[in-house]
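Below, chain A partners chain B and then partners chain C, in two separate complexes.
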Partner chain A sequence: MSFQILLNIFLAFLLMFLTSNYSPSGFVIGYLLGLLSIVALRRFFKTRLYIGRVWSVILLIFLFIKELILANISVLILVLRPKLQMQPAFFKYDTELKEDWEITLLSSLITLTPGTVVVHVSDDNKSLFIHVIDSNDINETIDSIKNSFEKAILEVSRS
Partner chain B sequence: MTILANTLVIFFISVGLLFIVVTVIGLVRLPDLYSRSHAASKSSTLGVMCILLGVFFHFWLNENHFNPGILLGVVFLFITGPVGAHIMSRSSYIAGVKPWSGTVRDDLKEEFKGKLKNKKI
Partner chain C sequence: MKVNNVILQFTAKIVFFIIFFFAVHIFFAGHYTPGGGFVGGLVTASAIVLLVIAFDLNTVHKLLPINYIYVVAIGLILALGTAAISMFVEQPFFTHFFDYFYLPLFGKTSLHTAALFDLGVYLVVVGVTMTIIQTIGDDE
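Our next item is the complex of A and B:
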């Protein structure tokens, strides 16, 4: 992926030297033309195009912001309700992610989702221990949310 | 234009204040450390972020002063807020803080059984 970005910047400089137009707009035009040629030659790269990965990172950022706002609304409802109705629990969640940065990202995403805080990551990086604030109705929805998170992170890290 | 800018600023700062008030009420009302960490991690992160965004928009739109340091502060809070909550609840579980009596399931007890014995806490 970084090789493709470097190649794209190199192509942009190549076009700047060819047209002797040393301005930011010249760089942008060269970058876009280089991007076109990289897309045209995508069969010769072993990994996938970096544009797809950039797009999935952007999707992940929007997911993060949406979950943060939803989590805050649920905490607001929980705290301001006149009678506290909650059944806290610690439960174990097995993850498929392997790399350290993926697990860090997943646990901070889970911490920002409604009603969950990651308390402990097991030593073999295979399971997360999550404190959930209301266990009776949220367990299944949380599993589905986390499947969508895991899917988004796997989408970023897929080669 | 000024009215629009002021509306934006007032919206962000009042939402931030609302969430910080919710954080404080949650810290007082919730029963144990682990459920307090929910309120502390989520609402305070979003509250301080909203106030910083309001300040950023005020200086950018009304005073014509673009200050990227505030945006860096927002990103920094976004990254460090959940990690802080994680570290505090984990270290207090290891130190032996008991969860609230209404806690239904506790998978962590099995995980830490050996370790807590080794450390003799």
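Our next item is the complex of A and C:
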């Protein structure tokens, strides 16, 4: 992926030198042409195109904003209830993610959505220990994490 | 007791660069806007302290094998030398000079010897802060 970005920038500079147009507009034209040629020759690369990865990152950002708003509303409903009916609990969440940055990103996303806080990562980086504000629907929480955040991060990191 | 600090360590690696760049920006902004050598030095030292907190003293010393006592000495020599330049050209001690130069990439810039003096202050502040932290933090 990084090789493709480097190649694209190199092609942009190549076109700038060929047309002797040393301005930002020349760079943008060269970059777009390089992107076109890289898409045309996508069979030669071992990894997938970096454009797809950029698209998954944008999708992840929008997913995070959506989850943030929804989870804030649910915590607001919990707080405004006249009777406190919540059951705080800890649970262990087994993750499929391997890399350091993936685990950090997943933990940050889980912590930033209200109702759940990551308190510890196990020594082998295989499971997260999460504190949840309302344990009546733990399975639902696990499913929502698995199907939203973890899936999106896996989508970003898949080669 | 060893705990798994994967989140803290990964975040510290990335945030270190942000803090360091902010310190450089503050250092060069000191002539016209708030900032300067002292604040820049403290922010740089705090970036290194963040690494010390996330990892430990020995790891950071392997990463940045700097003797901070020498950094203090270099900073003092820079400040004194900048102040002493004026004595060689028949001017009073601590007279500063500036002029406009046309540098590549930057265009018209005014270079001022006060920036060199500020660099000396910066190095002294980084060196002193890191020496204090290392001396207190060592458990030998």
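Note that in this section the second predicted complex is superposed on the first by the 153 of 159 C-alpha atoms of A that agree within 3 Å, B and C clash if a C-alpha of one lies under 4 Å from a C-alpha of the other, contacts with A are read in each partner's own complex, and residues count from 1 in each chain.
Note that in this section a residue touches a chain if its C-beta (ideal position, glycine included) is under 8 Å from a C-beta of that chain, and two chains touch if they have at least 3 such contacts.
Since the structure is predicted, the reported quantities are computational estimates derived from the model, not experimental observations.
Putting chain B and chain C onto chain A via the overlay, clash or fit?
Aligned through their shared chain, the two binders fit side by side on chain A.
Tell me which of chain B and chain C touches more residues of chain A.
B
Looking at the overlay, what does A:N125 touch: chain B (first), chain C (second), both, or neither?
In the superposition, A:N125 contacts chain C only.
Report for A:I103: first if it touches chain B alone, second if chain C alone, otherwise both or neither.
A:I103 sits against chain C, while chain B stays out of touch.
Should A:L68 be classified as contacting the first partner (chain B), the second (chain C), both, or neither?
Touch partner of A:L68: chain B, not chain C.
Look at A:D143 in the shared chain and tell me whether it touches chain B only, chain C only, both, or neither; answer first, second, both or neither.
neither
Have a look at where A:K92 lands relative to chain B and chain C in the superposition and call it first, second, both or neither.
first
After overlaying the two complexes, what is the shortest C-alpha distance between chain B and chain C, in Å?
Between chain B and chain C, the shortest C-alpha distance works out to 7 Å.
Find the residues of chain A that appear in the contact set with chain B and again in the contact set with chain C.
The answer is residues 107-108, 118, 120, 122 of chain A.
State the interface residues of chain A toward chain C in the complex, per the touch definition above.
Result: residues 100-101, 103-104, 107-108, 118, 120-123, 125 of chain A touch chain C.
Could you please specify the touching residues of chain A with respect to chain B in the complex?
Those in contact with chain B are residues 64, 68-69, 71-72, 75-76, 78-80, 84, 86-92, 107-108, 111-112, 115, 117-120, 122, 129, 131, 133, 135.
Show which residues of chain C lie in contact with chain A when the two form their complex.
Residues of chain C touching chain A: 2-4, 6-7, 9-11.
Which part of chain B faces chain A closely enough to touch in the complex?
Per the touch definition, chain B meets chain A at residues 18-19, 22, 25-26, 29-32, 34-35, 37-39, 41-43, 45-46, 78-79, 81-83, 85-86, 89-90, 93, 99-100, 102-108, 111-112.
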